[in-house]
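You will see two complexes here that share chain A, one where it goes with chain B and one where it goes with chain C.
Here is the complex of A and B:
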């Protein structure tokens, strides 16, 4: 904690960064805040609650493109940033990430297999093996029951758009889910399963499995399970895992030569 | 360069969800559900998620409107309030207090709702007081 404060203080003093996006203790709660003054740093905190900092920095970086900005990153934030760099939404050379490893409790709660970024100054690296039980349970159901399971879960949707709004890698200016001819206005629940599968398709090659969508869903739709399956399919077909820091382009950014065939299998 | 989040309570209904309003250089740019609040636990409905939009909406009324000959015309607050009070008085005198009713709103504060029912009971003289959710 103190290490983070000192590091941010040094960077701000040196002028290496113009501001630092982190969490501030405001009225007893930790909420996102952009630190520009040294005096505010005494309220800098890490906290257990995860907010989409990578999404917030987008708004700030778009307005202040010439500035270097610091940002607190957990393992998931780092993955989100990598996807945003790759999709040319953020300039990597302008960001200074400060790594924070999550507590064991948070890692467990998030069912996170890598609860720490590549470099961090707070916390320690914990290895948690991802629990695939829910996914396996659903996969093992016969097709009609599996379909019934999803129709039941998705039918609870109140179309709050929270999953999209909180998603750190949802950055499109125009969203398919607001395209009136496709998604009729004022209809609740939205068309099941078209609405949710549209989003799932758009998450392919993008979802970094942070779980913020599921955490923010007011009707507890197991969205992460759905997107995780999409992630696994993309990995299997294209050998691509969103959020991995490699010199690769996302499958969405490639025009193939027409030779690609989807292997036979039960998807 | 200034970005902060301001915790506030959603004004749309009586649930009391906590929203963090995102303010970038004095401009309201977004809403985030608060994770710390035991009411909404990091969730919001679509109204809460878009609560920042109506504040800066161009469609927002900036002055009272009075219908004249079937058309809404901009009016001053004095004109509008005088019209409301004189009409209420007239109805009360001609048809009695129980011909009037008031539907107050969840978007108002407790204090405003208190004043509304007080006015209906003590000034107008009716117990016809209800809530917008019953509409």
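Here is the complex of A and C:
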């Protein structure tokens, strides 16, 4: 905590970064805050709260393209940043990430398999294995019961777009989910399951499994389970895991250089 | 419950302009008889078939969706069908997870010279969908 504060202070003083995106303790609550003045740093906090910081920095970085920015990153933020770099939304050379490893409590709550970034200055690395119980429970249901389960859950949707708005890897300026011919306007719940299937498909090769969508959902749709499954499908078919720091292109992005070919046969 | 014989499924068939639509044309030209349950939609390339088209087709009450295109390597736009293959593979798994039989979605490569294959696939797929019964998406009350 102190380490982070000192580090940020030095960088701001040196002028290496123009601003630092972290969290500020305001009236007992941790809020995302862009630190530009040294005086504010005394309220810098890590807390147990999670915000889509990668998504917030996206807007700031677009507006101030010439500036170097610092950002606090947890394991999930780092994965999000990697996906944003890969999709050419952010310039890696302009960002200075400050790693923070999550506490065991938070990691367990998030069901996070990697609750720390590749480099961090606060906390310690903890290994927690992902708990697949919910996923396995759904997978083991027979087809029609599985359909019933999902329709029940998805039918609660109030189409608030919260899952999309909080998603750190959702960056498109024009969203398919607002395409009127595809998603009829003013209909609540939206067309089930087309609305959620559309979004789920967009998460293929992109979802970093941070779980913010499910946390943000006001009607508790198990969205993370759905997108987690999509992530696993992509891993199984193309051996690709979004958020890994490798020099590869997402299999869904490229038309095909042969590297992700699917063998012919009974599709 | 409808009896198997009386159930006539609606099958949306996406055909690419260059291969499979010509294949369908040839099937007609050859006077081949095939299932009338399929409703062809011509698109310029199978790569044009966004997963949303398929999802929307199911949502609007299709009992099956047949995606057809040029054989791998024969695409008029070089690589269009590569992306189709990937999309369909993901979508099948996704449909399965959400509780829709993945057999309701089928991908076939049909060349312009394969009129007989088009007819055969249409018949096979219709038979399969008839066996699966009507799509359960049509029964969701709050979508009506």
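The rule is simple: the second predicted complex is superposed on the first by the 256 of 267 C-alpha atoms of A that agree within 3 Å, B and C clash if a C-alpha of one lies under 4 Å from a C-alpha of the other, contacts with A are read in each partner's own complex, and residues count from 1 in each chain.
Please note the rule applied: a residue touches a chain if its C-beta (ideal position, glycine included) is under 8 Å from a C-beta of that chain, and two chains touch if they have at least 3 such contacts.
For clarity, every value in this text was computed on a predicted model and none was experimentally measured.
Participant: Mind checking the superposed model to see whether chain B and chain C fit together on chain A or clash?
Facilitator: Superposition result for chain B and chain C: fit.
Participant: May I ask you to decide whether A:137 touches chain B, chain C, both, or neither, giving the answer as first, second, both or neither?
Facilitator: Once the two structures are laid over each other on A, A:137 reaches no partner at all.
Participant: Touching A:156, do we find chain B (first), chain C (second), both, or neither?
Facilitator: neither
Participant: Looking at A:200, would you say it contacts chain B, chain C, both, or neither? Reply first, second, both or neither.
Facilitator: In the superposition, A:200 contacts chain C only.
Participant: Once chain A of both complexes is superposed, is A:49 in touch with chain B (first), chain C (second), both, or neither?
Facilitator: first
Participant: Once the shared chain is lined up, is A:246 touching chain B (first), chain C (second), both, or neither of them?
Facilitator: After superposing on A, A:246 lies clear of both chain B and chain C.
Participant: Quick check for you: in the superposed arrangement, does A:234 touch first (chain B), second (chain C), both or neither?
Facilitator: second
Participant: Can you report the vertex angle at chain A, computed from the C-alpha centres of the three chains with chain B and chain C as the arms, to the nearest 10 degrees?
Facilitator: Computed angle, apex chain A: 100 degrees.
Participant: On the overlay, how many Å separate the closest CA atoms of chain B and chain C?
Facilitator: 20
Participant: In the complex, go through chain B and note every residue touching chain A.
Facilitator: Residues 1-5, 7, 20, 22, 24-25, 29-30, 32-36, 40, 42-46, 48-49 of chain B touch chain A in their complex.
Participant: Which residues of chain A touch chain B once you look at their complex with the stated criterion?
Facilitator: It comes out as residues 18-19, 21, 24, 26-34, 36, 49-52, 56, 59-60, 63-64, 67, 158-162, 165-166, 215-218.
Participant: Show which residues of chain C lie in contact with chain A when the two form their complex.
Facilitator: 47, 51-52, 55-56, 58-59, 72, 78-80, 82-83, 85-101, 106-109, 136-137, 140, 142-143
Participant: Can you tell me which positions in chain A touch chain C when the two form their complex?
Facilitator: 138-139, 143-151, 155, 176, 182, 189, 191-194, 197-198, 200-201, 204, 226, 229-230, 233-234, 236-238, 251-252, 255-256, 260-262, 264, 267
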